[in-house]
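First the structure, in the form of C-alpha cells, and then the observations on it.
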Amino acid sequence: MSNKIIKKGGLLAVLLLLPSLAFADELNGANTAWILTATALVLFMTIPGLSMFYAGLVRSKNVLSVFMQCFAITCVTSILWFVAGYSLAFGEGNAWIGDFSKVMLAGVDRDTLSGDIPESLFAMFQMTFAIITPALIVGAFAERMKFSAMLLFSGIWLLVVYAPVTHWVWGGGWLGSMGVYDFAGGLVVHITAGVAALVAALVLGPRKGFPTTAMPPHNLTMTIAGAGMLWVGWFGFNGGSALAANGDAAMAILVTHISASMGALTWAFIEWRKFGKPSALGAVTGMVAGLGTITPASGFVGPGGALIIGLLAGFVCFNATQFIKQKLKIDDSLDVFPVHGVGGILGTLAVAIFASTELGVFSGYGFADGISSIADQFSVQAIGVVAVIVFTAVATYVILKLVALLTGGLRVDEEAEQQGLDIVSHEETGYNL
Amino acid sequence: MSNKIIKKGGLLAVLLLLPSLAFADELNGANTAWILTATALVLFMTIPGLSMFYAGLVRSKNVLSVFMQCFAITCVTSILWFVAGYSLAFGEGNAWIGDFSKVMLAGVDRDTLSGDIPESLFAMFQMTFAIITPALIVGAFAERMKFSAMLLFSGIWLLVVYAPVTHWVWGGGWLGSMGVYDFAGGLVVHITAGVAALVAALVLGPRKGFPTTAMPPHNLTMTIAGAGMLWVGWFGFNGGSALAANGDAAMAILVTHISASMGALTWAFIEWRKFGKPSALGAVTGMVAGLGTITPASGFVGPGGALIIGLLAGFVCFNATQFIKQKLKIDDSLDVFPVHGVGGILGTLAVAIFASTELGVFSGYGFADGISSIADQFSVQAIGVVAVIVFTAVATYVILKLVALLTGGLRVDEEAEQQGLDIVSHEETGYNL
Amino acid sequence: MSNKIIKKGGLLAVLLLLPSLAFADELNGANTAWILTATALVLFMTIPGLSMFYAGLVRSKNVLSVFMQCFAITCVTSILWFVAGYSLAFGEGNAWIGDFSKVMLAGVDRDTLSGDIPESLFAMFQMTFAIITPALIVGAFAERMKFSAMLLFSGIWLLVVYAPVTHWVWGGGWLGSMGVYDFAGGLVVHITAGVAALVAALVLGPRKGFPTTAMPPHNLTMTIAGAGMLWVGWFGFNGGSALAANGDAAMAILVTHISASMGALTWAFIEWRKFGKPSALGAVTGMVAGLGTITPASGFVGPGGALIIGLLAGFVCFNATQFIKQKLKIDDSLDVFPVHGVGGILGTLAVAIFASTELGVFSGYGFADGISSIADQFSVQAIGVVAVIVFTAVATYVILKLVALLTGGLRVDEEAEQQGLDIVSHEETGYNL
Amino acid sequence: MKLITAIIKPFKLDDVREGLSDIGVAGVTVTEVKGFGRQRGHTELYRGAEYVVDFLPKVKLEIAVSEEQLDQAIDAIIAAANTGKIGDGKIFVTNLEKVIRIRTGETGNEAL
Amino acid sequence: MKLITAIIKPFKLDDVREGLSDIGVAGVTVTEVKGFGRQRGHTELYRGAEYVVDFLPKVKLEIAVSEEQLDQAIDAIIAAANTGKIGDGKIFVTNLEKVIRIRTGETGNEAL
Amino acid sequence: MKLITAIIKPFKLDDVREGLSDIGVAGVTVTEVKGFGRQRGHTELYRGAEYVVDFLPKVKLEIAVSEEQLDQAIDAIIAAANTGKIGDGKIFVTNLEKVIRIRTGETGNEAL
C-alpha cells in the first residue's frame, strides 16, 4: 500500500472519530466509491485526454499514430501491470524492488483489502498511473518512431524503470523510508516520464526538417479539448491519491486546481509580454505545467503554497521549453521534458518548502515523520530527484539501445517519415472530410 | 454554507436514522465522495464541455479565441474566487454581501467542515459554479471582443455581480432568508449570465455583417460533443447541489435528465413542424434550455413536474431565440439570453408551481419553510427574478463601460474582426488539416 | 431490483460486518455516491461517447444524422422509460413482463429505496442502459434510414423488446429465476442490440454502392476519442452493476479493463499478422469487443478469466466482422452484430466457464445459486442466449415492417442518400472549416 | 496538346476516371470546388437563422491530352458524368503550349 | 469564349458573385486557394517555435464568358473586389477553345 | 504573358517557392489537389474493408509570368521539385491574354 497515508499524522484521530472506520481492515464504502471514480478519471486522462492533447499537436499525417501509440500503451501496460508490474512495485520485496508474490494478482480477491479499500481497486487505481506514465513519453518521439519499437520500449520501460521507482517511493522502498514526499507522482510519474522523454529525443534524433521546417499543430481544438480532460481527470489523479474521500482529497484537488490556474495564467502572461499576444496553446501548456508541478506536493501544501507553485511552474517550464528547443535544439517534439520533467523536479523540491507549517498563508501540512525543517526535507527530496533522474536516464538509454537492436532501428525510414506514420504504420488516414 | 440544505425539512430525520451521521459536525465520507465527483463533473461542463459547445458555433477563424476565453476565465475566476470571491459570497457579512473573513480561504483547513463535507470541498465545488457563470456570457460577445477587455470584464463581474447574488441566495443573504427557491443556480447562474449576455450584446453591438451575412457554425460535431458533456456534467451541477449522496441528489438528476430530454424533443419537434426538418443543433439547444430551466427547480420538483418544465423550456426558449434574433435583431451571438436567461427565469418561476405537493403526478416536494401556497412561493420567486435581473443589468452595464474606458474600447477593430481573432489576438490557427 | 445482487452469496456476511449497513432498508450513502457517478458514466457512454464513435465512422455528409439519431434516441427512450419502460421491466408482473404499477414512476419518492440506494437512482441508472441499447443499433442502419422511421422504431423497440428482456433477466423474470448470469447486460444490452442490428441491416438493405464503393471513415480521430470515452464510461456500466461501492464493483472494473486491453491487442495483432499493419481502428474495435464480451461476465469472473475472455473477444469478433462483411456481404454498416451481438453471445456463454472456482488462476466467483457445474450453468446461459436471439429477431422484424408501413418506407430515397442525410433530413452541415 | 477542364458532380468522379482509363488517359488532376450555376442550392437553418447555400460541391478535373485524344476524352467524360439532371457540369478546353514532366524533363506528348 | 480566372480576398466572394449576377453571368466555379504575393503574411507562435505563414487564404473564381461579356465581367469583378489595399488579387484571361454542357451536350455560348 | 501550372509533391512547395523568389517571381497561387497518374497509391483497411486510394495529395502552383521569365521559371521549378522519383509532377504552360491587378487596375506585365 502507498505509504503516503501512513505518513499522515492525523489519520488515527480521524479513525477514532468515525465509527464506521473503527477497524482499519474493514472496507470503507465511501473511500471505495471515491477511488472507483478516481480510477475512471485517471484512465480518462490518458484516453481520450492525453491522446487528444498530443494528437492535436502533430501534423495531420501522424495524428492516428499518436492515438494508436497512446492506446496500445494503455493496453500493453495494463496487461503487464496485472501480470507482473503491480507485484514488482507493491510486492513486499526489499528496498529496491518488490517481488513476484502478487504476479497475476495472486491472492487478490474480491474481499482482499488494501487499507480500507479493495486491493483490486488499489491495483487498478495504480494501473491507471502505470498507463499514463509511458504514454507521456510518446510526446518525445512522436512522428518518427517505429510502432514495434515503441511498443517494445514501453513494455520494458514499465517493468524496468516505472515499477522499481514506484517501489522506491510508494511500495515500501528506500525513498519512502527516508521520508520522501511524493503525493501523486512527481518522482514516480513526471520525472521518470520527462527524463525518459529527453533521453528518447536525443537517442532518436530530431524529426526530418527540425528545427528549420515549420511543424505547426494540425488541430489545436483537439489539443485544447484534451487539455480540459486532463485537468478534470487530474482531480482523480491527485485527489484519488489520498485514497480516501476526506479533507485530504478535497484539499488536494483544491491546490491542484489553483496551481493549474496559476500555471496557465503565468505562461499566457509571459507570452503576452514577450511576444505581444497570449496564446491558447500557451495557456493550456502552462496549465499542464501547473498540474504536473503540484502533483508531488498536492497532499502536503495549502492553497497559498499552490499559488506560488503554479506561478513557478508557469515561469520555469516556459523558460525550460524555450531553452531546450531554441538553445539546445533538441527535438523533444511535444515538450515532455521541459513541462513534465522540469515541472516534476520543481514540484518535488518545492514541496519541501511549502509543506512547512510556518509560512503563514503559504503554509502546508508539515514534513514527513521525523523530519523537522525545510532544509532536511529538501535534502531528502533532492536525493529522490537525483536518484530518479540518474536511474531513469541510464535505464532508458540502455532499453532504447536494446530495442534498436531487436527492431533494426528505432525510427521509420525517411520516406515513411515524409509520407506520415498513419499510412505507413497503420494503413489509415485521420480525416476524410 | 448553502442554505438549501437547511431548507429541507427531512434532513434531521435522515441524520437520526444514520448512525454515522449522528453528529452534524462530523465528516460524511459518502457525501464527500459524491461532491468530489460532482466538482469534477461541473469543471468538466466548462472545460471542455461549454468551450466545445460554443467554439463549434463560431466561424473557423475564431474557434481558438472562444476556447481561450473559456480557459482564461476558468483560470482567472478560480484565483479570484480563492482570493476573495468565496469570502464575499459565503462569508457571514450581512444580507447583501459576505465579508473578508475568508479571504484566501483563511481558516479553511483540511479538517474544517461545511455541514458534513470538508469546507475546502464546498469552496471548490462552488468555485466550479463561479467558473461556468462568466464563461456562459462568452457566447454573447464571441467573435469580436478584445481579449484584454474580456478578461477584465469577467474578473470584475465575478466579484461585483456573481459573488453578491450568490450571497443573496445561498450565502445567508436576503433572498435566501425570504425563502427563495434556487436549487442549483437559476437565479445565481443562469439569470445572471443570461442578463449579462444581453447587456453585453447590446453594448458591444452586432458582429460586422449581422444579420445579413450568413455565419453558420463551423463545426457542429464539436458543438454536439460539447453538448453531451454538458448534459453529463449537469448531473454534478444539479445532483451535487444536494451536497449529499442521497435521495435528493438522485431525484435531482432524474428530474434534470427528464427536463433535458423534453426540452430537446420539444425544440426539435417545433422545428419539424415549422421548418419541415428537425435539426441536431435544435435538439441540443433545446436540451440546454431544458437543463438550464430545471436547474433552480431540480431539488424541489418531481419527475412529472420536470416533464412539463422541459416542455415549457423547449417551447419558450425556442420562441425567445427567434424573437431576439429576428424581431429585435440583437446579436447575442450564441443565444445566451434566450436560452439561459429566459430558461433561468422560467424555471425560477415554475418551481413555485411544481414544488406544490398537490398536483398529483406532477407534484413536487413542498414550499420553503413558512410558505404555504403556490402564490406565496411565486411572489418570492418573482421578487428574486426581478431583483437579480435589475441588479445584473445595471452592474453589467457599468462594468462594461468602465472596462471600455480602461482598454480603449471593448471590440477589436474592423480589420481584425475580418481576419479573425485567432490570428489577431492569439497568433494561432485552429486547424491545419 | 436487479436480482444480481441477491445472487451473490457473500452479501449477507458483508452486511453483518458493516455497522452502517445493518439494515437492508436503510440508505447507504457510499453505494449511492458510486451509483450516482456510475449513472453519469453510462450516460457519458452514449453522449458523447458512442455518438462520436459512430459518427466518425460514417461519411462526412451523414455525420450529423448519426449524432442526431443517438441524441434523439437518448431523449425519447428517457421519456418512455420514465413513462412505462421501467415499470414494464422492473414492475412485479409475471415471469414474462412487468406491470403498470410504476408507470410514471408512481410510488417512487425521494425516500423510496431499491436495496440500499434510492429507487429513483436505480431507475435512473437503468435508464442509461435503456438509452444505450437502442443507440447501439444505429450503427446498422446508418447513412440511409429515415429519421422518422428511426425514431418510431427505437421507441417501440424499447418497450417491446428491451423492457421484457430486461424483465426476464433482471426484473424477476424467468431467465433470472433459472439462474442465468448476466452481470451488466450481455443478454439484455449487447445481444438484443446486436441481433436487432443484424435484422435491421437485412431489412433495410445495403447502402447504395456497398460493397463496391469505398466508404472510409470520415474522421477516425472522432471515433478514437469516442472509443476512449466508451472505455471510461464502461467502468460505470460494469462497475455500477454491482449496485455498491465494494470489492465486487472493484473487481468488475478490473476484469473489464483487462478484457478491453486484451481485446484491443488481439484484434491489432491479428491485423498485424494478416495484413502487415495494426490499425488504430482495429485496436479500438477490439477494445469494444473486449468490453462487450466481458459485460455479462464482469461480476462473476476473475482477472485471469478476463484475460482469456478478452483474447477470445478479439479473435472471434474479428473473424465475425470479416465473415459478415466479406462472405455474407451484409451491410451492418458499423459492425454492430459482429462486435456487440457476437461479443454478447460469447461472453454470456463464457461466463459459465470462467465463473468456475476451480480453474486456478483463471477462476471466478462461482455459479448461480443451485447450480454446481460448468455444464449446468452453460446450459442455462445457452437457453438465455437462444431465447433472447429468437425473441429479439422476430420482434425486431415485425416492428420494422410495421414502421415501414407507418412511415411509407424505412429508407430515404436514392437521391437523398446520395446527397447525405445531414442536409436532407436535418438541413445542416457538419463542417464549415 | 489541350487541357480539358471538366466540372462534374462529385459522386461521378470514379466513373469518369474509369472512363478515361479505358481510353488510355492515365493522368488526371482533381480539385474540390464549389459551383454556382442554374442548379439550386439548399437552405440551412441554425437556431432559426436561415442560410441559403447556393454553391454546391463539385469536382474539377484537369486533363492534359494530345490533340488526337481530345474528342475521345471529351466523349468519355460526357458518357460517364451525364445524369441528365441539372448541375451535371461543364467541360472547357484550352490550348496547352507546353507540357513538361518534372521527373525526366520530357516535353510534349511524351510528358503526358 | 474566354475564361476569366480571378483571385480575390475571401470575404469579397459574395459581393463579386452578386456583381456578376447583375450583369447576367450565372455560372461560376470557386476554389479555395492560398496566395503568395506582395501582401505580407503573419507569424504564428507555438510554444515559442516561430512559424512565418507567408501564404494567405484567397478565393479563385473561374468564369467562362462569351467575348461580349468579357469586359463587363472584368469590370464587375474589379468593382466588387477592390478594397484598395494590397492583396486584392489578380484577374487572368485565357482563351477558351470549346465549352460543352455535359447534361445536354450543347457547345459554345449556349453551354455557358 | 504565360500562365505556368505546375503540379508538384506537397513537401516540395517551400523549395519551389524559394526557387521562384530567387529569380524574381514574387506571386504564386497554390491549390491543394489530388493527382492520379503513374505513381501508385496505397491501400487503406478499415475493419477488413479494403479501400484502394489511387489519388495522391499534390500541390498545384499557378504562376503568371512574362514571356521573358518563362524559361527561367520553368527551370527553377524543375530544379526545386525534381526528386527523380515517380510522381514528381508536370508543368503546363498556357497563353495569358490579359492580366489585371485588381487593386490598381494595372494590366500586362505591370500587373504581375
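Letters are used for the chains, namely A, B, C, D, E and F, taken in the order the chains are written, and counting of residues starts over at 1 for each.
As a convention for this text, a residue touches a chain if its C-beta (ideal position, glycine included) is under 8 Å from a C-beta of that chain, and two chains touch if they have at least 3 such contacts.
Model, not experiment: these values are computed from the prediction.
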item	value
Steps in the shortest chain-to-chain touch route ending at chain E and beginning at chain D	1
Chain copies touching (chain B, chain C) - same or different residues, decided at half shared	different
Centroid spacing, where centroids are CA-atom means, of chain A and chain B in whole angstrom	33
Whole-Å gap separating chain C and chain F, where each centre is the average of the chain's CA atoms	52
Overlap residues in chain A, where contacts from two or more other chains coincide	19-20, 28-30, 33-34, 37, 216-217, 219, 245, 275, 277, 279, 281, 427-429, 431, 433
Shared-contact residues (touching 2 or more other chains) in chain E	31, 44-46, 94-95
Pairs of chains, among all present, that meet the touch criterion	A-B, A-C, A-E, A-F, B-C, B-D, B-E, C-D, C-F, D-E, D-F, E-F
Parts of chain E lying in touch with chain F, wherever the complex brings them together	2, 5-8, 31-38, 55, 58, 60, 74, 77-78, 81-95
Residues of chain C touching chain B in the complex	19-20, 26-30, 32-34, 36-37, 39-40, 43-44, 46-49, 51-52, 55, 63-65, 67-68, 71-72, 74-76, 78-79, 82, 104-106, 109-112, 117-118, 120-121, 123-124, 127, 147, 219, 222, 245, 425-433
Interface residues, chain A side, partner chain B - complex	10, 14, 17-21, 28-31, 33-34, 37, 41, 59-60, 216-221, 224-229, 231-232, 235-236, 239, 244-251, 253-254, 257-258, 260-262, 264-265, 268, 275-281, 283-284, 287, 303-304, 307, 361, 365, 431, 433
Contact set on chain F toward chain E in their complex	3, 17, 26-31, 62, 64, 94-103, 105, 111
Chain E-touching residues of chain A, taken from the complex the two chains share	211, 214-217, 271, 275, 277, 279, 281-282, 285, 318, 321-322, 325-326, 335
